Amino acid sequence: MILLDPLWTALLYLLAAVCFILALKGLSSPRHARRGNLVGAAGAVVAVVAVFLSARLDNIPWILGSIALGTAVAAPVARRVRMTQMPQLVALFNGVGGGAAALVALLELPHAAGQDDAWMRLAIVFTLLVGAVSFAGSGVTFAKLQELMTTRPVVFPGLAAVMGAVLLAALGCAAAVVLLGSYPLALALLGLGLVAGVLLVLPVGGADVPIVISLLNAFTGLAVAASGLVLGNVLLVVAGTLVGASGTILTRAMAAAMGRSVGGIMFGAFRGGSTAGSTAMSERPVRSGSPEDVAVLLGYAQRVIIVPGYGLAVAQGQHTAAELAQALEERGIAVDFAIHPVAGRMPGHMNVLLAEADVPYEALKEMSEINGDFRHADVALVVGANDVVNPAAKTTPGSPIYGMPILEVSDARQVVFLKRSMRPGFAGIENELLYEPQTTLLFGDAKESLTKVLAAVKGL
Amino acid sequence: MILLDPLWTALLYLLAAVCFILALKGLSSPRHARRGNLVGAAGAVVAVVAVFLSARLDNIPWILGSIALGTAVAAPVARRVRMTQMPQLVALFNGVGGGAAALVALLELPHAAGQDDAWMRLAIVFTLLVGAVSFAGSGVTFAKLQELMTTRPVVFPGLAAVMGAVLLAALGCAAAVVLLGSYPLALALLGLGLVAGVLLVLPVGGADVPIVISLLNAFTGLAVAASGLVLGNVLLVVAGTLVGASGTILTRAMAAAMGRSVGGIMFGAFRGGSTAGSTAMSERPVRSGSPEDVAVLLGYAQRVIIVPGYGLAVAQGQHTAAELAQALEERGIAVDFAIHPVAGRMPGHMNVLLAEADVPYEALKEMSEINGDFRHADVALVVGANDVVNPAAKTTPGSPIYGMPILEVSDARQVVFLKRSMRPGFAGIENELLYEPQTTLLFGDAKESLTKVLAAVKGL
Amino acid sequence: MGGVELLTITVLAVFVGFEVVSKVSSTLHTPLMSGANAIHGIILVGAIIVAGQAADPIVLAVALLAVVLATANLVGGFVVTDRMLEMFRGRRPGPGAGAAVPGDAAKEVRE
Amino acid sequence: MGGVELLTITVLAVFVGFEVVSKVSSTLHTPLMSGANAIHGIILVGAIIVAGQAADPIVLAVALLAVVLATANLVGGFVVTDRMLEMFRGRRPGPGAGAAVPGDAAKEVRE
């Protein structure tokens, strides 16, 4: 059934592309962000309707069934996932997108068998390879984040050699496919891409996984753009390019916030470095306190800065943290939340988390904004954060986080840590601040500790 | 001679388009701006070389001669023009660009005579009309700014009716050209466009001329983009669209800075309003001072804010102003320059002017940044500015500048005006601030007055 | 469609992407990541075209797999982004609101 | 070239234009005006094509007029913009510099 002529189809695709641009533009302010996302979704609907109305399609019932299946699987998961598991989910969705792009490219190969279609076959092998890398790589990041496997870097002797061999073979296959259009070799390329994706992500340490997700996101975008070139579809080209650009910017921003280079993160393991430090725990004494001690510190302060971290997300303590802030405010104490750009496991993770607890985003202070204020603060309350306040980033040149800008909590008169143990954070290195004289530790799950402290503050 | 195949030509055009984008991007910081402009110029050279190498062109000697002629005329003028005359020059260049676009469209019409070329003819009539409006309108703005004619709004009874008739006729011609491809009617359309351009700009008051220039700039951009559609030339499309967007943004920004609407400025006269107020001068007493009086005020202040305006540009007093600021700084006085967005005759005019005098741009404070500081200032030294400090913008609802945000100089303890007479500024309305008790006037050319004040300050 | 046009479109899209995304506030970086992720799910359009042209059952099966994967990416991506952004609406009206707006209170105290 | 591609390119160029120009600092609005002005002088390319195809002397004369006008726009625009931007380099090195940097002095005083 063809209801739309090519001109109208192209116009609808253009409309969808504009919707996607507007969706990203909407994210420039929290106020319009949600509407922007809906505009983007509407654009996707327009595009899908356009393709049904414009092309002579067979198998329509099957296709509709598959769409229904995909929706039935993804929508409930997306609606129910816990916010702490968001990175995994994004990795998963990213992977399946890359996989879809690779499959589309594979199936288009027979249509690009002509003598003059070498350029097209080039786009096809690109999509195949990058899509497969993205699929497999995202799968491994998912497994790491979901703790289906170790979060530590997996390195084995000869890894670099194996990776090199795989890449060389892939390059050979790719060249052969471009020149000859061979289908079996395209399948081989797909397989090699999968292996390369796994090998690429295995040696990345847990703390760097979000960067890899963002990078693979950009990869998938590029694969989709290339498949748009294959299909001559402007919408795919524009959408894919937008995602490629956004993934690139995000990856760079994250790496910069961690004081690292993207290359170092991805290929550090191949050069022998590793993102994980030593986990030997020292036996030095620390000062631990009771919830009541902490409540006294907080309740008689004039200025308190709360530093949330990954642990707050794990404990789902954001609502309690907001209530505590509220209780302190009622005592006339000024309370701010200091947000480190890579606290948690995704860029801006803490913003999402605290927004969920209805903390207005104006109350969330960015690192550069608040770092000068710690010296006027009576208490810095560090809830489930570790790496982002670890002074090793400034003092220990060999440390994996060396060079990362940190929140200067040690400037505050008192520092309180809420964490469960002396175990290090995701980067796997010890935090000297825990042993400093001005530091008090309150051991336990963040949410439970916060609840106890809140009760104690109310009882003051 | 065809040395380049269409693919390479297209790639070179794309390169040129990217250069233009980079040229505009460069303007986001003063540091890269000049390099950006050079990149843009390089892009233009690439494009011109590409067209010579790619198309089968006759008359090459004639064309090269014409290019040489255009360069020989424009380059020296551009290199020698005084900065105060910049608006005129931009208007002139804008006009000739619009004229060129209209001529190109006119000559393309015979190539779009086919039955299926109606869309193309639509683009052609658009270019013709808009290009002609831009040409004639820019000519009138040039005449106004160069004071070849009165800067006051020129309105005559029945203006609106004449304009309406012209537009109707133009519409009729345009439709006929699109439908029939008639060449004589296209010439008529060109003529009507010229008339419309003149009629559009005649009733605009002097103070609004820069806005009209910017608007016509956007018009020319659109005409060029449309001619790109006619010629199927991506470069013209992209370049024209960029200019259209930038002209639109600038026009809106200027109108907003003047607290006006673009529609009101362009069509105010047709609705009977006029941008000029009364010029009746009152006979009330003012306090005028000598250069020595002003030097004492300045020399014993702690904080001085200099407010430059159009008069400083006319008097070419920017270097003297910078020297005076320097002399005051040497006495330990804090000096700032407060820049109103529409001071002078072009957006950002004062920035250009003071940059010429090597005042670092960090020392130039934007209106929003400095407005709160006037109340801490001992002296506000208003040099050749008037409308931008006129409280009528806040107090007199009927006034032509009503609603324009102004620099709050009246908050300063003392206000000093350097101007030649009691004549009003470009908007043609009186400034009550001149009669206020805290105001001192020093009559005379801004540069001469500044020189005298500077000498007196040094002698303190 | 000609290669040069597609290249031009790609180049312009790169500029649009970089310009637009570099304006996204870091507060919204997580939704940006998942929103961009959703957008590349539009490969669904390609998957539908391929599936609609499939004659061979194996090809159809592979294409339908691509449709399922792409749909999951597209739908899941937009839903999860919407959920996240819903949290950014700011204060919710209603009874729960008062208890959870430390920011405003903070302002009162400090001013 | 197809109309839809040109339309797509136009739409994307509109986005690029608005995004890029809205980032221009108001300090540089005058150079922006004259720089954008210079860019539309690229109509010169169109004028050259038209002149190169002209057979009739009148057509040629008109086309050459367009070439002259467009060149004036293009060359003059870039030159004048360059002159303006030259002034924004900040402090000039050399003997004159000391006398004209009130900004820096201002900072010393205030700090």
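Every chain is named by a letter (A, B, C and D) in the order it is written, and numbering of its residues begins at 1.
One rule holds for everything that comes next: a contact is a pair of C-beta atoms (placed from the backbone, for glycine too) under 8 Å apart; a residue touches a chain by one contact, two chains touch by 3 or more.
Just so it is clear, the model here is predicted, and its values are computed rather than measured.
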| item | value |
| --- | --- |
| Contact-richer chain pair [B-D vs B-C] | B-D |
| Farthest chain relative to chain A (centres taken as mean CA coordinates) | B |
| Centre distance in Å when chain A and chain C are each reduced to the mean of their C-alpha atoms | 13 |
| Cα-centroid distance, chain A relative to chain B, in whole angstrom | 46 |
| Averaged-CA centre spacing for the pair chain C and chain B, given as whole angstrom | 41 |
| Per-residue overlap in chain D, given as positions that touch at least 2 other chains | 1, 3, 5, 8-9, 12-13, 15-16, 20, 23 |
| Per-residue multi-chain contacts in chain A, two or more chains | 21, 234, 238 |
| Chain-chain contacts as defined at top | A-C, A-D, B-C, B-D, C-D |
| Chain C - residues contacting chain B, complex | 3-5, 7-8, 11-12, 15 |
| Chain B - residues contacting chain C, complex | 7, 10-11, 14, 17-18, 21, 234, 238 |
| In the complex with chain D, residue positions of chain C that touch it | 1-2, 5, 8-9, 12-13, 15-16, 19-20, 23 |
| Residues of chain D touching chain B in the complex | 1, 3, 6, 9-10, 13-14, 16-18, 20-55, 59-60, 62-92, 96-97, 99-106, 109-110 |
| Residues of chain B touching chain D in the complex | 16, 20-21, 23-25, 27-30, 33-34, 37-38, 40-41, 44, 47-48, 51-52, 55-60, 62-63, 66-67, 69-71, 73-75, 77-79, 81, 83, 86, 89-90, 93-94, 96-97, 99-101, 103-104, 106-108, 119, 213-214, 217, 220-221, 224-225, 227-229, 231-250, 253, 319, 322-323, 325-326, 328-330, 332-336, 339, 341, 346-349, 351-352, 355-364, 366 |
